[in-house]
Structures are given as structure tokens and as C-alpha cells.
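Take this structure first; my questions come after.
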């Protein structure tokens, strides 16, 4: 890989890798990995971009160092490893996959300990500082200090959930998806024990965006594709037949409804029937996926029939809001 | 799972589970299973519905008992286990996957036995009642009685096809997909030996629909999504450019054709070209997927060009016919 | 399979099979294989066609012999096995999957050998003809003769890349995808050592097309579906809202742009808004997928907003160009 | 398979099959299955025996019917399916693999219910008979009747453990290995809830042994191999060097010890050393595997050194006790 | 690998590789492959030997060429590829694994064709030479010529069994293990259609043995280990207690028996018991594994009891007979 | 697990776990894991010992802390994590599996850097301290300081080998087995770059052995089994027939030989033959596995024939030397 290439790091294995690859493909940015054993790849529609595969935590370190320009990884490892000097800029913090939570959990048997407050009381009666096993020492340290609980952190390579049973630690700070693993090991998360919510995010090296116009342009294109794709995933194109004297009369009827009337306006075209003019028109609108049942009901209530729903690949707005936010953060205007 | 939650049971493993999950996802009802080891799941767009996973036959028993409200499983196990008291209502009997047939099959070597009639003759010469191995005793019993053949049913846990060779039974009543397994074991299905055709179906507990309005509303929504999806799978949106003095003139040309002229009517919009008005219009119609080649031919024959075909996600009719049928069956009108 | 059935052979295993199945499914020609152990299948929308599965090289031999009518396999094995008598007609030579290259490669240690010219010099100093291991003797022979290099071909069943290290051969002529395997074995492809580029292709038996009208009609349908699908994969349907006095005024603005103005013309329909006539219209155009970012920019620059992008399943032209080419090659006109 | 062949049925899949195959191989009766897809196999050292593969329950039914002569399967399904007419003879009830227990289990939340007695009290307060889900209706019925608990049995195809949570049943009667699955599902076995302990057993058809001398001889050979192997697995051959005036003097020292002195007697041979007669002898004894550490200690305490331990493949006794027991049961003496 | 290293090639994948690795390990020649991706390995107890992995047919070509000295592969590919010049010497032709047969098979439907004789008659009535698909052209050619049947050989890369159904060939010459695949494809082997029986064999390059003393010595060590191991696999060490006045008296009793009396002689040592001299002795003999049941019976009949059976790892004879045979073949005496 | 139970931690996954399980089973200490999902297990012959599964590094931390008493893991992680306070005692440092080396490696392109000395020179010319990526910071730090090379350590979660190519580090300190991975990534280990050789080892918590007599006794039993097993793996029991006037005469012949004469002495018993006394005797000796070929030769040279070789399971010495060493280290005598 040419050293001047702009670089994006993706997770190198497991479900997070699969989800990142699927997400990019669905957004029109399919990754082409010529050899499964290699750690390099390309995105053919973004030929100036080189793709690398690294472990989640290594992605953050690499972006922070500047040896890669962009990365997609979880907010958990980003917050743990981003440091205090602002080298890392978070371009998009909600890519919609890789959801989990960093939680503080205690043995089920500690029946009195349900919240951070009761944990503090419990810990004060121990003859040693609370021993907490974790792979996220920085976030856990900060969280326990905020709750004023004396503690020792114990690091571990492997499964944390067995630590309290083995006697290796008293409590754990660990990533939780469904909670099933905690339950299997007779542990319980505290009600206010959420240390860090997480999902996949897109990050960039700040200095790279400030000094390299090609990297800034790449940020704009990545955000444009990603935002247009995420918006499209939430919407559907709905086409119905409606009857009315004029397009305007039909539009007025739609405007009386909640889900289908609140838009800038429907597209209306005539529908021709065997009998001479019957006043049928085709009405196209964009509807949010989760409003679909309501929208269908409203369309029917004003006489809509023959309702067809089609998928949408992208919805582009004027300018991606996250790109605008990024420019503000960088105090750079690339259109000067 | 809250006991008041409305419940849907899905097959817990194998190809039937995969197909059921894919079918629901394609219909916009993706199932989210937070933990692969758990037997519970959610459909995020139907938050009031809890999803369970059970073996096919257990689904029927649970819906019959009322411990779950809805189930998706094969017609084979539904007919075998539904009982005679009408506790189970079949909401949709043709979901389009899980096709197979419960067939009566005999050794290839019985060259004279090709139909139920000849089987009866053959069986009358045996010194014992015909021994039939099956996992569907109720349906098989009923079928053999209808053909007046004296028999003993032999149940089996495992592969039935080897039973005649081992000497465990004389004939078998078994599920058949491609017939390859029968052939490999030198068995042959009788020409009129079809005991029960089967594919996946949606069933409900009758009492639940009669007494729980939330369950009735859930039935309506499930059927609405499923029917709109199945209809959409069979159709495509076809857009062609055509030239004509007026939209009406173009429509008249289409009405002369079979595949593209039998609809309520095409949507027609003007197409603008660099040269001033050339009379080009865009014509949109819905065409059945299996009529597509013919439709393309017809459009070309009346001057259609630049033909584009797009996928359709749903087609909603006035009210799902199967929902209307269900209300009739329940003798309940939910719109009173 | 009835001997009079028209037959299509597909690769029987591995990535090439998977890709061929996915390609046909995406083109609307899903293959239904009732039994995974069988070597036969059907394409339900083409009921007159029987599908067989064979090894890549056997497909070419079968089509050449005429025992099957059509085949999909790689250009590498087609060129190696097609023979000189024109029995095989290539209907489509770029199906867009199965890319690889047959290359001549030498040990990295031969630092002076980088091109065919330098290989010739090197070979002339050996005390024996250059020993080249290959699975493609015909193509390799022809290539080496063209470069006038004395040689012995050595055939091998297994991995060729180790042959030079073992001392089994001096150089190899082998299929290369990413080059990683060559590199792992300390081999290097020559800069002008490309013997045959390859991707999947559709072939037919010439005599079958000349003598069997049903086969000729099947060729037309296969090409129609495949070309319409490949064209659709490269395009997207873009719909934008634009404001203008008249549709013609809007069209004139579009015609000033490169990516969105070069078409026959956009479809334009009115958009109705709550306020009385504001001059909003919906503009639909087909845009090449790789021109999308530019097209979005151009639409914005002439006032386009609310831009929606939808997928396209097929784009049908007047008549498939490859079908026309085939008829010319066959010197047959099926419309007489 | 020739109908007159003597037949042995083995489990057709899963861990029970693997364990049965390993057990027979270790006993010198390796099973040779020429084709993984076939349901037939051979044991080359017992050429008169044909091997079949069936599901555990089907094995019992086949042996009971007499369509196979011998079977290896679990005591759980044997006791459930053996019937009351003594068709099945249990030749060996402890083959040492496939251990599990059929247990009655209730929700953990029923804190007052720990024994059958307390279950009876609890059940008497329900407004319906206790609903118990099981795959072993006969054994469960008998067990609940013996404890005088009114109940309804509910059959299930799939996982029983979720039945109480779903509301499908109140309690379950299920196979338990480690108890982990019960615990994961928040269930608890009752302290005296053991319905049937189980491990793999060898069974035979009684009538076959009584009427077919070849089957009786096969029973003898199977039991001879199996018993000699099981005995060998529990023992080791221990050889030590000891010094003493005479072999008799050494033997007397051994007879003072517990683990190594209780046998019929050690084998003693001279050991020759470079120096002329030093009185060294080699002592060989058979020691139980679980007495090995103690035996080593005892040998050392009487001067044993250079202790070597070797494996044993078979230990044959006068006549297999289980074979003698079988003859008594059959009231047949095969040596008349 | 140093070019002067002596080389052994093993099959590079599949069941043949697994079996070859297990066979060598059981013979005390475990292969150590430091990296699964490499094609090289070592046998630590034979440090002068380098191990390569190649496809079966390539092994024969490499040994023939002399680029490797020894190979283990199937007799089928050895006979096909060994050539006529005697470059290959077969050191051991029955390693006891990899059994299969190269057979001539015809469609089941050819009911009159059961032998080569009837095939000849059948073929004489065809209007073309019999088309036989095979991967073994040399052996098949020779076999068909010997039976005087006019034919065309058709080569194929993939599954041959479907060739007759597709019409690609009339008959096939293919490797058969269990015959199941033939049966599934409705083919039948001819009764005298065995072209070549096969199992794994050890081969060497003749010239290497003649000119390289280190290779000759390696041949001796390989054969010594392999023969001692194969002989040990067929035998067991049996130790019984017997009573008699003298060892000679006991020996005389054994000599009256078939299985245990035909050896050079038993090893007899005294067994000491608590009571003073009772005349017990321990008798050790080597017994063939398949004579074990008979030997146990005979020992019992002459008063043997407490019979222990132990495994044997190697049995070394004076000099490996196959090594002697090899020397004769080479006309070399390495002890001069 | 009862808190007073003595605990042994084993690696929780991968090849190291498999090898540790196989090693213990071969030593007669089979681990029984009732449930694959649990992290606990038992060794039935050592019922007082509880077995846990942890990641390699966590094992060291747990033994150091004292939350477990014994552990089996690699010397690499032991040396990295054992600390300076002697909490960890290494009972056995060569269990014979899990071999690897921690090595310092640099890019192949640094052609002048082959040793630590040349690395020092190279590093002195860099404009920054040498950046070394590693997962073993303590060992690497110590090693680089010993060679006086200024450096920065960079930690990484994932694959280190790509770090130099990405620019994440200059060199790496990583575990090496075959060297293939280094080669694939164009890296090269330095000739004197061995930081730590490693194989699996048995460790204990020092304080536990000093204060808990049950733990000390467990250490003795573990070492006794392990040493007797490792010694047995290296030896074989060889039995030959030899002829001689007296046992003493035979022994004298053996004492003239190297491999079979250096022992305390052979066990000699008479062999009886059909002919009256022929002077045959059976000679048993223990021979090292790697001396076997030589021993066979020597036995033959003094007239040995009918040579049988048997496996050995354990060889017990007076007292395990490593146990004696441990007691010395602990300054505890458990036999007072």
C-alpha cells in the first residue's frame, strides 16, 4: 500500500467484521478483499482509499497515532483508548450495528446490592478495596471514582464472568449484549451500572483532516454515502391510486392526514383507464418504515387503492448534517 | 416474557426455521434474537408480540392449548395434531415455503403394487395385517381406513426408509420432498398415495382471537404484512418510454395488449427531451413476474423503449381477503 | 431427464458454483435443486431447460460434443478445451464473476528474468528445455511457441506452486487471482506473462442452435435476461424534486449538466404542496452507479432537493446486442 | 443383508453412537462401515454378525419384535419401551458409557417443593392435575402413580426445559447429565425425583436366544469380549524389581501388603546383574487402576524398585458371569 | 530442504493423508508438520529424511523422475503412472489402508451385460466404439484390449458416475469402495470387471537405492519399522496361570493344542502363592489376534486361568523379508 | 466448588487446551468436564482436586494471587507475569508440549540487521527510539535493556506481524513456532533474538504448599504421575528369545552390548520347546525409544530372535526428582 494512500481500518474478525462489511456493502461501498489471508483490501468505488483490518482496540490506537486516517469500530474501545488530546474525531457515532453496553455487575448472591449507592455501602464494609475485573480500566476507573468507591482494578485476558466465582475479583465491569452470559454465571448488572453504551462508529484522525484536503474530501464522501443509506433504510416509497377532480383536490385530502400529509408534497400523475377520463391519479410519497401501517390506513381512509410499496437505496439531503458538524468542529470550510 | 404478551411460536431448528426467519424478514417482520441460546425473541416492528421457538409438533400443541396465540409450522404436523374440537384456526395455509408431501410408499420390488387399489389386493394375501411405519399415525390411520386396508401402525423415532429392508415394517407413510431418499432405499410412492400435501402455514388459537381484542388486531396486522408481501413477490414495476400525441392515445395502444392492458390503468407522465415536444411519455404498470417476458414483447410491439424494471416490497389491497375469511369464521366483526 | 430437453451445464462445486447460482438468481433465473446429492436441477421460469452440474473442464467437452446445449464456465477452460472446429459458440464472454488469469511464473530467485524476452535468454543457457508445470497444456504450448522458447510441459494434478522448489519443474503456468499464493511460494509472474485472462462465460453448441429452433429461442431468452440484469446492476433510478415554471424549463436546466443531462430525457411530474402552486416537480432519471456522486452534485447545483435513489432489477434494450451478434455468427435469421 | 444373518443394532447418531463405536473398538470389535450414508456395517472379527444403525428407541422396538437379535442402547429407552412380556433380555446393564438420569424437576421458584412428598402437597392445591411434560410417559406415569400424585402427561418433541416458562407444563420429567441445562432454565430436580438411572446396555431378543443356537453362541462371544475388556480397563500390569534370598521370601514380603498381596500370587523371575548373584528378581502382579498409587507405595516399602506399569487389553475369567446368568435366565444349557 | 536430503512424499489431503499419517504414527514414525500451510515436514526419529506432501498421482511421477526417493500412495495411481522402464520399485504393496478397486461399470439398465464376455457382444452391436469415461486411461486401455473390445476413452475431471446418464459416455472405469455411489447412479460393476485392486503401498526410485547408500539404509529402516508394526498389529501377548509339576509338564499340555501349541515355545515362570508350593506357573505366548477366542478356549481346556492379554507394539523378525526381496531385485548386497 | 478445594487451572481454549487435556489423559489423569459450557471440571482419580479453565495469562495471575493452587500454562506467560516476589514455584518446566519461542524480528528489508549488535547500530541512526510492538512488555523490556537499545514498546491486541508494514511499529517481539508467519509478512528473526524459549509447565503457589499439607501431598501425586508418565513415553519393553547354557551366560552376552547392556540387569525366564531342553530363554529389558533400532541390532548380534516390543504406561523411580527439588526449594520435609 502506497504510504500516501488514505487509509480506513476495519475490525479484523468476528461478528463486528461481518457487520461492518455488510453495512458498507448495503451503503454501496462494497469492500473487495482479493485474498482472505491478507490484511489489505479495496473499496472499488473509492479507489483512493486503502482498507486495512485490525483488532478493535488497535484501530483506535492507529487512528490516534495517524498511521491510519479513518476507522470503524465500537464506541466502547474508542472511549477507552481515545486519550485526552483530541487526536480522534468521531464523525458518526451511531452506525446502527455492534450494539452492547459496558456494565458493572455483581454476584446475584449480593441481594442487597442493586445500585451504585448500595454497592458503595457494601464496599465500605469489606476489609479490602472492591476488586473489579475489567478489560476497560480507564472507563471503569473514571466511573468508580465518580461514584466514590475505593477499588482495585484487576485485568484479565479471558472470560471475566467467572472471576467472582473463582475468587479472582469481587465484581466485574464487562460488555453485555443480552445479559444471558451474566445470568448463566449468576451475576447481575446494577440498575445504574451503565458505564458506557456502545455501537459501531466512524472515527478520523483530526490532524489528517486539517492538513490533507484529500482526506477531508474522503470524509465528505464517506459521510454522504453513509447518511443517505441510513436515511433510506428507515423509509419506503409508497405509490397509491386515488381519484379526484384535480391533482390539487387529491393533495388537499392527503394534507388532512398525519403520516402521509406532513411532507413537502406528493408527486401526482394521471392514471389512464379504459373508460374515458375517470379522474384516477397515481400518488407517490416517502413514508417512514415504522409509520407504514398507519400510512396505509390513512391512504385507504381517503380513498387510496392499489397501494404499492418499493424499497429505497439512498435519500440525499442538501448536505450531510454530520459533515457540517465535522467542519464546525475542525473550524475549516472546504468550500472557500 | 410477560404472561399477557401475545405469543408467536416459530420452528426451533433446521431448514424450516431458516425459511421462516427469511420469510418474515422479507415481509418486513425481521425477528431479533438477542442470544442464540435463548428460546425467546422479538419482532421490533411488532413490540407487543413475543416470539418463542419450539419443535414443529409442539407448536401445534401449544397453540391448541392456548399457551401460545399464533404459530408458523407445516400443514403436515398441523393436520396430525389439531384435534377435533376446533381450537386451532388456520389463518394462512400457503406461506410458500416448507413444501413436502406425506406419502404412502412400498418396496420397489412389489412390482404389482402401484395404487391403493392394488395395495389392498396385495395386503389381503398377507398372513398379517399390513405393517406401516410412520410418524403420522392419525393421518395414516384415517387414510388407510378410507381405503379399507387392514393394518398395524408401527411408530419410529428415526429414519423410516430403512424399515422395510430391516424387516421392521412392510410399507411406510413418510414425508417426501424430491423422492430421492425413497429411490435410494428402493422404495416407490403409490400413484394415489398422497395422504397430506404440506407447506408452512400460520395458525392461531380460536379462543384467543374471540376473547382478546389485542390478539385479533395482531392477526390483522400479521395477515396484512404477509399478504402484501406475498402479492409483491409475484409482481414487478415496469416503466417504459412511449411516444404518442396524448396520454390517452398511448393508453389505447396498451389496452390492445394482453399482459399490459388488463389492469385498471397505467400511470403516464411526460418525458422531456432536448428537442422541443416530441410526445414522449413514461408509462408505469405492475406486471406479474411470470408474465414479464411476454409483457416486454408487447410493450416493444406498441413502440415501448428504454424499459426499466424495479422490485416491489408490498402490494396492499383493500383489506386482506384472508382476514375477512377469518372474521367470518370467528363470527366476529371487529369494526362494529 | 428427457433426452430432448434443452440442457445447461453449471460448475459442480466451489466458489464458481456459488457465484454462478447467485448470478442466475439475481438475473431472475433462480435454480431449484430438489436434492443436494443430485446432479440435476430446474430453473422454474424456464421449464423447458434442464440443468446439470459438471466440473468446469467437463462442461466444455460436453457442449463441444453436443451432449449439452449451453454451459457456464470460465474462459480459461473454454479456451483450453474448445478445439479448432468451431463446435463451441461463445454467447457472452463477460458475466462479471470468476475472474482470474493464467500466468507464467518463475522463481523469485531468478532475478534477471522479468519478461518473456529475458526468460528466453535464460532458457537458452539451460542444459535442458525449460520444464514448465501446468494444467493448461494447449494454451501454454501455444504461448511458449509464440515466444519461441524450447520447453517440456509437465502435467500435475495438485498444487503447482511447489513444483519449482521440489525440483519437479523449472517454472509454472498457473491460474492467479491475488498473487498471494505465488508470493508465499517465492514465485513471481512475468510482466508480459499473461497467457489467458478469464472470467465466467456462457457458451453454446453451434450445431444445436443451427438445427434446433427451441435451443435458438432459449439462447434469446437467456441473453435477454442476462443482458437486462447486467445493465440494471450498473444503474440506479434517481428521483429529485426541482422547482421551475414549466417542466420544459426544468429539463433545460438538466440538459446543461454532464451526468444527468445526456439521456433521452427525464420523466417530470408535478409535486403538490400545501401552499398553492409553487412550481415543484418530481424528476426521474436513470444514472450509472459509478456516476452517482457526480449526478447528486449536479442535481443539487441546479436546485434539486429531496433526492431519492431506488434499485433497478432489469433494463431492457430494443434487442440484446449479443443476441444480434450470435445470429450474425450463425448466419441464421430467426425472424424470417 | 441376508435375512438369516444375526443382527446387532447400534445408535445411529450423536454422542451415544460415537461412544458405542469407541467402546466396541476398544473391546477388539471394531465396526467397519463401508459407506457413511449406509445404515449397515460389519464387525470383521465377527463375520456372522450384521450391524444396523437405528434411533435409540427404535432399537428397543426392533429387538422386542425380533427383527434384530441384539442391541446396544440406553437403559432409559429400554425400560420405557421393553413391554411386559419379557421379549427383551438384558445381557449387560453397565457398559460404562452414556450415563444419565431420568429426573423429575420443578421450577426453582417453587421454594417449598424439594421432595416428592412436598410436591404431592403442592399439587393438591392446584386447580388442575399437575401437568408434566416428558418423552418417557410410561416410566413417568408409573413413578407419579407410585407417589400418588394426580397428573396429566404432556408429550413434546423438542426441548422440555422451556415448557414451564412458556406455560406449556408445570413440571418436567427429563434426562439430566450435569444439571447445567436445568439450572440455566431455572429448574431444580427433586431430591428423591430419580425416576430411572441409565447407562448403555446390551440387550437381546429372548426367543432368538432360545431357538437359534448361532445367536446363543454370538451372545457368548459378545459377552466374553465385553467382560474381558471391561475388567482389563480397570487393571494394570505392574512389574517391579525386588531383592531376596529366594522367590518364596520375596512373595512372603508381598503378602504382608494390602494392595499387592491379596492376589493368588505374583509371577517371579530372576534378574541377572553384572555382579554375580545379587538375589534380584522381577515381580509381576495385576493391580486395580485406582489402587495404583497405594500399590506403588507398598512395593517401595518392601524394597521394590524400577517399577514399570503396562496396559492390559483383556482379562478373561473362567466363564463370563453374565453369560452364566443369561443361561440361567433362559433355562437353557448350551453345553449339553 | 537441503537437496541432498533423502525425501519421502505423502498424500497431501483427504482420507488417504489422514490414514498415512496415522499408519506412520502407529509404526513409531510420527510425522511432525511444523506449519499446516507448509508442504514440508519431518519424522523426528528419522532426522535424515525430509517429508513432502503431494497429490497421489504426482507422488508417482516424482518418485519415477527421482526428484523424491520414496513415496506412499495407492497402487491404483502407481500402476497407472509407473511407466515401463522400471524406474519405480515397489517396496511394500499392502500397507493395510486405502483399499479400493478400479472397476468397469455399466448402466443397470443393460440387463444382458454382466461380464466382460457379454459386454463384448453388446459392444459389437453398437454403431460406434464403446465410449468409456475414466481417469485411468492406461490401465483401462490395457484391460479393454486384453478383452478385445473396441473402444474410445473419454477423460473427465469430475464425477464419472453421471457420465452415462448425461450421455457423455456409455460406461465408466472408476474407483469403487462400497459400491454405494454406483448404485445411487444406477450403475453396476461387471462380475469380472476388476481392472486393478488397490491399497496404499511404499515405493522407491530404483536408481536412488542403487547409487545412494544412505537411501538404501533408509529403505531398510522404513521396512524394518513397517513390517515389525504390521506383524505386531496382528498379534497379542497372552499370559495365563497354569498348574503343573514342572514347566516341562505344562509345556507338554500346551503342545497338544492348535492355536497355542504351534510356536517355538512358551515362556514359563513360577507363580508364588500363600500356601507353599502349589505348582502354579505363568505362561506367556504370542497369539494371532484372530485366533484369540480359540486360544482362550484351548488354554482353559488345559487348565489355564487368570488369562491376561496385552498389546504388542512391534514384532521384529531376523531380517524384514521385504527388505531381502528388495535386495534381490536390486541385485545389490549391502553387507558386502 | 468448595472454597477449601485444592485447585488446578488449565488453559481454556485452543491447541494448548487440547494438548493439556491429552497430556493429562495419557498420564492417567483424565479430566472429566460434565458440561462443555462450564468452566469447572474434575479429575476422577484425584477427587480432592477441582479443575478450572482460564486464559494462559490469567492462570499465572491466579496462581500468583493464590486463588488457585496449581496451574499448567506456557513458560512464556509464566515468565512475563510471575513477578519478583517468588509467589510462584515452577514444579515442572518441561511437560513436552506447547513449544514456541519469543523472538525479536525485523523487516526482511533491513538487510544489514541480522543480530542484536547490528540492530543496536541500526537503531542508533533512527531519529526516534526503536518502536517495538509486543504482547510481552516485561520480557521484551528486560531483553532490550540488556542489549542497551533505546526503545518504545507498543502494545497490540491483534496480529503483530503486520505492524511494521502498517507503520504501527518498527520491529516486533512475538511468539514464533515454525517461522512461516514471519516469512509470510516479510519479517526475519534475529540470530540471537531469542528472548524466551517456552513449553508448557506446571506451577504452584508457594504459600499454599508451605501452609496446606493437602496441597503439598497433591503436588507429590501430580509430580509422581507426570514424571512416571514422561519417563514411560521415552521407553519400551523389549522381550527377546535367546539361547544359552544358563541365564548367567546369556546375561554376560548382553553386557557386552551398549544399548541393552547398561541396565541393572535383564529379567530372564526359560522358554520351553517341543524338543527337550534346548536352552532357550526369554529376556526382558527396558530400552529407550530412540535407541530401539540400535538395541534390535545388538540383540540380533548376540543371537536374539522373536523380538517383541510392548508399550509402557508408567515407570516409577524411587522418588520423583522434581518433588525432591521442590521440597528443597520449600525447605519443608513432609516426612518428618
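For clarity, chains are labelled A, B, C, D, E and F in written order, and residue numbers in each chain start from 1.
The rule we apply is simple: a residue touches a chain if its C-beta (ideal position, glycine included) is under 8 Å from a C-beta of that chain, and two chains touch if they have at least 3 such contacts.
Predicted, not measured: the structure shown is a model, and the values here were computed from it.
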| item | value |
| --- | --- |
| Chain labels contacting chain B and also chain E | C, D |
| Set of chains adjacent to chain A and to chain B | C |
| Chain pair equivalent in interface to C-E, over half of contacts matched, among B-D, B-C or A-B | B-D |
| Chain separated most widely from chain D, comparing mean CA positions | C |
| Most distant chain from chain E, judged by the mean position of its C-alpha atoms | A |
| Homomeric contact chain B-chain C: same or different residue positions, threshold half | different |
| Chain A and chain D, separation of their C-alpha mean positions in angstrom | 55 |
| Distance between the centres, which are taken as Cα means, of chain F and chain D, whole angstrom | 36 |
| Rounded Å distance, chain A centre to chain F centre (Cα mean) | 48 |
| Sites on chain F at which at least two other chains make contact | 37, 184, 269, 310-311 |
| In the complex, chain E residues that touch chain F | 28, 34-35, 37-38, 45, 221, 224, 228, 232, 237, 247-248, 250-251, 255, 264-269, 284, 286, 310-318 |
| Footprint of chain B on chain A - complex, ascending | 177-178, 180, 236, 241, 269-274, 276, 280, 282, 289-290, 292-293, 296, 300, 305-311 |
| Chain D residues within the chain B interface of the complex | 1, 3, 12, 39, 52, 54-58, 61-62, 65, 67-68, 154-159, 162, 165-168, 184 |
